[in-house]
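Dropping the structure in here first, questions after.
We just call them A, B, C, D and E in the order they show up, numbering each chain from 1.
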Amino acid sequence: NEIRMAVTTSFNNSGLSDVLLPEIKKDLNLEVRLLIVGTGQALKLGRSGDVDAILVHSKAAEEKFIEDGYGTHRREIMYNDFVVVGPKADPADVKSSISVADAFQRIRNQRAVFVSRGDDSGTQKKEVSLWKSINANPDLFQPTWYRDVGSGMGASLNTAVGLNAYILSDRASWHNFSNQSDFEILFAGDPALFNQYAFLPVNPIKHPHVQHNLALKLEEWLVSEKAQQLVGSYEIDGETLFTPNAKVQD
Amino acid sequence: MSDILDGLWQAFQLILSLDPDLLEIIFLSLRVTLTAVLIASLIGMPLGAWLAVKRFRFRRLTIAVLNALMGLPPVVVGLVVYILLSRSGPFGVFGLLFTPTAMIIAQVIIITPLIASISHQAVRDLWAEYHDLLISLNTSKWQRMGVLILDSRRSLLTAALAGFGRAIGEVGAIMIVGGNIDHVTRVLTTAIALETGKGDFALALALGFILIAIAIIVNLAIHSVSKTERASTW
Amino acid sequence: MSDILDGLWQAFQLILSLDPDLLEIIFLSLRVTLTAVLIASLIGMPLGAWLAVKRFRFRRLTIAVLNALMGLPPVVVGLVVYILLSRSGPFGVFGLLFTPTAMIIAQVIIITPLIASISHQAVRDLWAEYHDLLISLNTSKWQRMGVLILDSRRSLLTAALAGFGRAIGEVGAIMIVGGNIDHVTRVLTTAIALETGKGDFALALALGFILIAIAIIVNLAIHSVSKTERASTW
Amino acid sequence: MVSRILPLKLQKACVKKRGKTIIGPIDLEISDGGVTIIMGPNGSGKTTLLRLLHGLERIHSGAMSWKCETKEAIQRQAFVFQTPIMLRRTVFENMVFPLKLRHFSSQKAKTHAAEWLDRVNLTGAAHLNAAVLSGGEKQKLALARALAIKPEILFLDEPTANLDGTSTREIETVLRKSVQDGIKIVMATHDLGQASRLADEILFLYRGLLHDQGDAASFFKQPVTMEASAFIKGEIVE
Amino acid sequence: MVSRILPLKLQKACVKKRGKTIIGPIDLEISDGGVTIIMGPNGSGKTTLLRLLHGLERIHSGAMSWKCETKEAIQRQAFVFQTPIMLRRTVFENMVFPLKLRHFSSQKAKTHAAEWLDRVNLTGAAHLNAAVLSGGEKQKLALARALAIKPEILFLDEPTANLDGTSTREIETVLRKSVQDGIKIVMATHDLGQASRLADEILFLYRGLLHDQGDAASFFKQPVTMEASAFIKGEIVE
């Protein structure tokens, strides 16, 4: 009695799954098999019906997924937020910026080394949108300072640390990241940085073999009081990471 | 730097603690890889021998291609196998994706060319020595291959071990077709990749050292098994 | 399934279009790997020969370990190199991290044991044949190694090619130490991994096919180079 | 009993290696029964001729034909090489191997092998790795291995070169015996004494060409060609 | 000129392989000058003894000593194996190789090699891969290769086993010549004729033991041990 769910690296790195899965097993007697992949690959697995549901954070892509009829619907579960991480030295003085746009502006003006995931993940899509918001086009940036490392969250963080560079990360991944060395969160809190996670069951019409009912059962559980409370209370070194925001009916 | 020592230390503790999850992972790694090596040897060694004894038009080309296939990028193999086993793929119905079987398939594809090439090189030398005798005894192609494989078993061991090495350390392919699912398809290498992603280098290294230790043990074991036989060949 | 055909088709187009980014990546792949193979051969082949001619106490153990090292998990190698080269590491000052040099270092570490093992096996057989003569001619250990390496060059070719194969397809280590930085350290395999992560399997496969094509070309090239020499050995 | 495979005929047969003609053109008929001995100086092509007859060398021009189908003939031959080729196995296994190939029952093969090892007094060495045998022992083993499968025609390339007097005589006796059992023997040797002891017919090769063919007696009395006579003189011990 | 390395002495020397005693205990002194010939039936231990003297076999018990330092002596020896070992190279390269090892200038090595190939008339085969040579040609090449480096003592293991009469005589002449040049020759052979032609001293081995040692003449006239006499008789051609 098990179900396969594709999730993004950032979600898994947060460690939240280690709290939720045992509970699910207890309450629903359901084994959730997590496939930890990039956002794009997660959606791909859904499209080819190799998983029963996906949990990602990339609104545009998700809606496309629904439109194309690969998912039945999109259920928002919770959100956390992105943070700008960088060396304590903070050469571009991101600390004192008033908004994330301002922060990005400073980095760009300084041509301070910045690591971009460049893997079409939710995180990167967000990053690009932020650049766009200060009407700059990352495609035109010099590789001398704008490093497109095309890797998952963890790998990118490792690279950023190695390069002593700024990087946009989701809070969860950052807190669960052990190789922090002399890095810290330099900017956070701007609403523009909110990061919505959504649950999408794969469409049984496209892929009859998927365990849709189980997926729905799991969805119900995720939005349940208990689950939402678990999510809200999950914290690492005294900091809560996720804010549950599932609407009880949608 | 400290990470490395840390890793060693953790590896040490992990082993002593006999952490069940760890044992599960180790066991799966060995099961998958050893099976793959076995299958790949059954395919690759005869193939190598065959290439040595049989003269045909495109032989050199075939050998070159075979050598080239040693360079099959694991990720690509992983992708192809994924696509074939995927629900929307031709063999989707068997539901093999994200199972150890899928991982074995991928590894077999990766190491067979390696084993075949090394075997071919080993057998070719012995064939040069036996050629006249075996022709004179009017042996069939199969009998020749049989004798050559049997009498060059020491060199073929290296082939199998090389295959084992490549497979036990491989991550790109099995990550894709296995999915690194906890308790189902998580093996040492995928676990290492995961921990690296979390930036937990110490743990990643610990697992790495354990993997290396296992590789060494397996090799020593095989060597001492083949020892008796080896002695007699001197 | 369609992905595979799609991939072939895209590979085809990419090649025709001679996309500069692609060429850059291909060139870097070749540069890194060929350099690594060269260095690894210079270390591994003499080492293999040495293990064949020199009798010492822990020889069998050494060989077993060497074989085991063929199983060095790329990710672990990547990590160790990363730690050594990172700013906080002992060699941080050289600022080699995330440069092609770092990738070469990692690949050398990975393929040297492979090349050494295969070389050892090849040289060992020839040594059995030459042993009495070389002893009788009162050759020094170095002279023996020289002759053996020279006269078993055909078999050593297999070793080098195996190394090339392993290196050109390797991703785990160079991803960590190279960082897959666009225009700096992005090579075919890391690009493939990236596209896979993006879920663009067709493109990933396209790159994969190109990589395989390159491997085949390199092998054919080397074979035809060694052809003349080979002929004379019959 | 009359042979199913002989006579063996060569017509203008040539063997070339890299353009260079090694032997030929040779016209030759090897008929049933007795011992045919090939003589000739080093490098004259004896080994090559034997290998050609046995099908180990490709014929470049000319023709070679057995009485029967070639592939039938192949099954009824055995060859003892100038430098014995040993399987990397024990002496006993070396004996058993060809028997197994001939579908002897494992039991029968064993007894048969033991029997032959005894005939060439190698029983003591049965369990040894064939590689460690002495030069002469290897030759004896190779010979026993060849005879054990009861070929109809046996090719020998200087089979006693490394043998001491006694073994040589033993082997010669074994060979004579085999001839009586109807085995045809074609053999290359440098030992004139041996030739005169064994030969029914003698072929004299020189520079890859057949210079003399005839019955032994006449060959030694009045060799037809001067090369042959020179060769014989070269051997006489003052 | 008096030898720097001889006499070579064996005291109760034994060679064992896997517990089995192959030769020994042997007491022996090989003194300077002339040709010492080792005779004995197959498997009696001739090759093993030669290999022991040359330092290819480990001595298990007893002692072996040269006049000089062993490692100095090693540099002044050459060995021709019963089955020639050829480098997988051309005939010419096979000749040049040991000369290069002896630090001949590449030019000098070439001329010297060519010279020796001519002496064993293999000049024609110089460019061939040594593997394709005929049995006899290989033996000749091995001999030339050994003599080219002008050793002070030369070990030969049945060097003419595969040679025709003429070549044998040629080789014997070359050997006599070398002896005159002060090269000591120790050689194993089965050919009694050859022994009587060349030997100054004869060692008779039987079952790994030295049964007879003395000058050639007396050995053939009245062999001391019955094994020796039996051995000689075995050779007589009726």
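In this text, contacts are C-beta pairs under 8 Å (C-beta built on N, C-alpha and C of every residue); 3 or more make two chains touch, one makes a residue touch a chain.
Small disclaimer: the values here were computed from a predicted structure and weren't measured.
Student: By label order, what chains touch subunit B and subunit E together?
Tutor: Neighbours common to subunit B and subunit E are C, D.
Student: By the touch criterion stated at the start, how many steps lie between subunit A and subunit E on the shortest route?
Tutor: 2
Student: What is the minimum number of touch steps required to go from subunit A to subunit C?
Tutor: Shortest path length, in steps: 1.
Student: With chain centres taken as the means of their Cα atoms, state the distance from subunit B to subunit C in Å.
Tutor: Averaging C-alpha atoms per chain gives centres 17 Å apart.
Student: Counting only Cα atoms for the centres, state how far subunit B is from subunit D in Å.
Tutor: Those two chain centres are 47 Å apart.
Student: Would you mind pulling out the distance in Å between where the CA atoms of subunit A average out and where those of subunit D do?
Tutor: 82
Student: Could you put a whole-Å number on the gap between the CA centroids of subunit A and subunit B?
Tutor: Their C-alpha centroids are separated by 36 Å.
Student: Pull out every residue in subunit B that's touching 2 or more other chains.
Tutor: 88-89, 196, 201
Student: Two or more other chains touching the same residue: where does that happen in subunit A?
Tutor: As it turns out, subunit A has residues touching two or more other chains at 152, 155, 158.
Student: Between which chains is there touch?
Tutor: A-B, A-C, B-C, B-D, C-E, D-E
Student: In the complex of these two chains, what residues of subunit C are touching subunit B?
Tutor: Those residues of subunit C that touch subunit B are 1, 3-4, 60-61, 63-65, 67-76, 78-80, 82-84, 88-90, 113-114, 117-118, 120-122, 125, 155, 158, 161-162, 164-166, 168-169, 171-172, 176, 188-189, 192-193, 196, 201, 204-205, 208-209, 211-212, 215-216, 218-220, 223, 227.
Student: Which positions of subunit C touch subunit E when the two form their complex?
Tutor: 126, 129-130, 132-133, 135-139, 143, 147, 151, 232-234
Student: Could you please specify the touching residues of subunit A with respect to subunit B in the complex?
Tutor: So the residues of subunit A touching subunit B come out as 4, 9, 13, 33-36, 48-50, 152-155, 157-158, 176-180, 207, 209.
Student: Touching subunit C in the complex: which residues of subunit E?
Tutor: 51, 54-56, 74-75, 77-79, 81, 85, 87-90, 97-98, 101, 129
Student: Where on subunit E is subunit D touching in the complex?
Tutor: 17, 40-43, 47, 82-83, 132-137, 140, 157-158, 161-167, 169, 190, 192-193, 197, 231-232, 234-235, 237
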